[in-house]
Amino acid sequence: MASATFTGVIPPVMTPLHEDGSVDLNSLRRLVDHLIDGGVDGLFALGSSGETVFLTREQRKLALSTIIEHTAGRVPVTAGVIETTTARVLELVADALEVGAEGLVATAPFYTRTHDVEIEAHFRDIHAAAPELPLFAYNIPVSVHSNLNPAMLLRLAQDGILSGTKDSSGNDGAIRSLIEARDDAGLKDSFTILTGSETTVDFAYLAGADGVVPGLGNVNPAAYAALAALCKAGKWDEAAALQKQINHLFHIVFVGDSSRMSGSSAGLGGFKTALKHLNIIDSSLLAAPHQPLDDEEIARVNAIVDEFYYTA
Amino acid sequence: MASATFTGVIPPVMTPLHEDGSVDLNSLRRLVDHLIDGGVDGLFALGSSGETVFLTREQRKLALSTIIEHTAGRVPVTAGVIETTTARVLELVADALEVGAEGLVATAPFYTRTHDVEIEAHFRDIHAAAPELPLFAYNIPVSVHSNLNPAMLLRLAQDGILSGTKDSSGNDGAIRSLIEARDDAGLKDSFTILTGSETTVDFAYLAGADGVVPGLGNVNPAAYAALAALCKAGKWDEAAALQKQINHLFHIVFVGDSSRMSGSSAGLGGFKTALKHLNIIDSSLLAAPHQPLDDEEIARVNAIVDEFYYTA
Amino acid sequence: MASATFTGVIPPVMTPLHEDGSVDLNSLRRLVDHLIDGGVDGLFALGSSGETVFLTREQRKLALSTIIEHTAGRVPVTAGVIETTTARVLELVADALEVGAEGLVATAPFYTRTHDVEIEAHFRDIHAAAPELPLFAYNIPVSVHSNLNPAMLLRLAQDGILSGTKDSSGNDGAIRSLIEARDDAGLKDSFTILTGSETTVDFAYLAGADGVVPGLGNVNPAAYAALAALCKAGKWDEAAALQKQINHLFHIVFVGDSSRMSGSSAGLGGFKTALKHLNIIDSSLLAAPHQPLDDEEIARVNAIVDEFYYTA
Amino acid sequence: MASATFTGVIPPVMTPLHEDGSVDLNSLRRLVDHLIDGGVDGLFALGSSGETVFLTREQRKLALSTIIEHTAGRVPVTAGVIETTTARVLELVADALEVGAEGLVATAPFYTRTHDVEIEAHFRDIHAAAPELPLFAYNIPVSVHSNLNPAMLLRLAQDGILSGTKDSSGNDGAIRSLIEARDDAGLKDSFTILTGSETTVDFAYLAGADGVVPGLGNVNPAAYAALAALCKAGKWDEAAALQKQINHLFHIVFVGDSSRMSGSSAGLGGFKTALKHLNIIDSSLLAAPHQPLDDEEIARVNAIVDEFYYTA
């Protein structure tokens, strides 16, 4: 299996929940269909938007296997194996292998203070446990509080350890710099670079990125599929115009009152509220201790969706 | 069971490992004896120094049950239930209850962005799952990247949710401020404040703290027991002199080369190296992806131990 | 005078120094000609790249007056009035007015802890002292350690206090978000948004920005003039290709050894080394306590310039 | 002149202002008398509490000369020479020398990104400009956003460049560690270590510090003089009790509403409000863009002063 499979629009699949906190498999299946029907190129299960760090190991495995089974090969599915340190990640790798994931996505160690040497050893150990699966390094400093070193990434690419990276640093200049260094190193075809930023996909493509992992893509996958198509066709002005529409839709993540909830609650709550409004999932419940949007906020989210939702 | 049990010197018990990464139970039992013989007042299993975020759920449970069984009531044992979010913490609470832990220690949520409202809900849910066990809030911003709000802590104390806090912020002024606010609120007898700072125990006691959770206490428990005794006796000049000796011993955490390893590797590696030198544990191996001290560094750690180790 | 004057390529003019630390006026005049001949649209004197916080008040005034006199109206000149707090900024405003600056650029207060309410008062006081000059807010969190609030910027734009902003946050997504909010507020024609990021100018233009303030533009103004022209013409693929060449030239800022000097020394030292290599300025000396590049580093900078310098 | 002069209680003298923003010399003289009558050991003019970065160069010189003249040798006076970079600091050094300052206090460079090598060069250049005056390094990361390297400090002490440090990091453990390193290096008598933390003076003395630079000492100098005396006498329990009273008085810095003003406004506003309440200064006005306390807040500050003010 080649890592090249994971290019284009690869949304981080959300995890719908029942009111008792268990995974809502029917809603999850509808969401998978919504995404594939929207034209996405792959699915990233158990990412940050999937509330992976809010799920027990059993819940994660259940969500992942459900996504894989229901996708049934229509698009490739990669799995987040996001845990604090190596031994714990390896447990998740075993689960992912067991249920048939076609790729892995891992972060640097977190909670513990870490170091480039340790991060590199971490990725090498993960790859050794599943050498047949493309491994992506997930750069998400807002969560793990370290930044993946570009030189380390390219060294691991050269050594066949990493097949790509998903960069959620929000630093478009740094992503471009990584792309340029990758290309200069002759790794353009062997190391995939995906942006995690919903609002600057055109920037990333213009700089040479291979795709995007947009949380908002759960809500409006067709918008991102269309945006990626415009970018690949070099229709940059049209791409920027569509990106602008998408960015207005993105305002749903800012509706939740920051005096009452985290950015995670507001953001994922905005997404799930929109998905419920669109009749994709049954409940907008987030996992504890996330806090819910109130009725007025839900109404505002719905109004934004009604105004800015893209349909082909 | 009263939270008042957890005062005085309560070291965060390290987790010795075999060369294959499994928990070395015999070394762990010798470490428990070393600590109790050194005069500590309680044990904190599965804390940061115990490499808890490097252990699988099964390893955690095994280490905890071994500590509890081998302690056999000589001192109380409290258990870290350190996970990213609520549902995952509750799994650890169930494990802790099953093996007989006498207290719980939980952090704020991590990896996810969080909020005071969410942190408070998190602690309330944890307490509800084990209302009979004293629950301590663990303030460790270097790991979870948020700071526990003092007003929230005292509100949770007032409501009987929290029995105390372990503060590893390294901010002695903030700890004193919390102590003053606690005392002003009439919560002196119902909310225990422990410092996690090895090098300023005399400061904490002088300000009215109830004890210390010193990582270095694994190496030299008798030093901390003596220090606490001097503080409680109001022999502050002698306490400061002993603290100074301890602080020179603490230099073992700075020996590991920071160009090659994290502060976690250097710190915990220094502790385990010292414990091996003292013939308490068989191997100084740390869990992956921690990096090891080299021979020259080991020799320097041993020399520091030989010079500054306190014996009564 | 309309703020609309300050759009397009407006490099932050460097301040060449003699070996004794005094301002080298002849080199400065040659630099001004180099910039204007390169096709820039305006000049920003006394910005961060101009080492403004390394210059005494007298040196600043001398550099500014020299730039204005030598420019002689060929392009408009705006002046940084960068000081810790209001009264001190107002002294610089008086100097700028005296020597004929056509615009002002001010940051939030720094050194002191500050607050949105205070930052807003600060800008209002500055505008009141020179109501006839367009005032730009300079967002540079790496230096002042606060971020300018977008809602505040637009409120000040609405009130006629601010004519624009230069954003050196390095956050292209945030700049785009500000542009979108500006346009939604109907302020597109009255509030100018310039990026300070050398390596993502195409991104900024694609999102609707009005121009760029590139430090690297001192070295290669023609490259930025050509880049801006391509962007304005909607030739995005060509723009991205030229941006890529420019970004390779930008590597001159990373040559200085970070074990021996700050990023400021490496960056500004790279620029001045290149300018000396191009025979624009006589000395690459930076103001104290900046540290110099060594001979090997100078050779590497020169080689990068030789390889990637753009000529029309 | 020996740096040993600057030990004990050395408050950072506030700068009273007239309603038009000019320095109120009569109030300043009364403040100087209040401090000396309160038993302080020296005065630190033009520090952060003196709003030095809010004053023009002329205002600074006027305030400094007034303090020196009015002190008339009763206690030694040291002067802050706080500016972004070297050339600008040297201007202030010249001013300080001209009006007879007996010591200098300088920070690391700020606004610019800096580096240990540059900070060290900076202090060496400052000392070279006034080799006869003891030079203190002022560690204030909240303002300059870098931390002074302890090894560098001791190297500069060894070389006779630095006579001491004022540490306002708020990190009591780090101050103790510096004290221990100083003593181990045999520099106890040649390098003075002062804490800038108002609420942990007993901690600092217990660890071996030489004194304190307390902003709150402007309000209640006698409290700090008494506290220092208790510490020097080894009466630690009494010291801690007085420190506790002082810490309740310190609550005046938290009265100003953080939704309306910075911590600087709240803190310095609390101090000036108290000084006006005590009839030491005529106006509590702070320099722009500081925001004022409102009437209700003023009343609360006054009530705290009435309850917790220490008199011998």
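In this document, chain identifiers A, B, C and D correspond to the written order of the chains, with residue numbering beginning at 1 in each.
The working rule: a contact is a pair of C-beta atoms (placed from the backbone, for glycine too) under 8 Å apart; a residue touches a chain by one contact, two chains touch by 3 or more.
No experiment lies behind these values; they were computed from the predicted model shown.
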Give the rotation angle, in degrees and rounded to the nearest 5, that superposes the C-alpha atoms of chain A onto those of its identical copy chain C.
180
Of the pairs A-C, A-B or B-D, which has an interface that repeats that of C-D (more than half of the contact pairs shared)?
A-B
Over half shared numbers or under half: where do the identical copies chain A and chain B land at their interface, same or different?
same
Rounded to a whole Å, what is the gap between the Cα centroids of chain A and chain B?
35
Distance from chain C to chain B - Cα centre to Cα centre, in angstrom:
50
Send over the residues of chain D in touch with two or more other chains.
none
Spell out the residues on chain A that touch chain C in their complex, using ranges where they run on.
170-173, 176-177, 180, 197, 199-200, 202-203, 206-208, 234, 236-237, 240, 244, 247-248
What residues of chain D sit close enough to touch chain C in their complex?
21, 48, 53-57, 59, 82, 84-88, 91, 109-115, 117-119, 121-122, 125, 142-145, 258, 260-265, 287-291
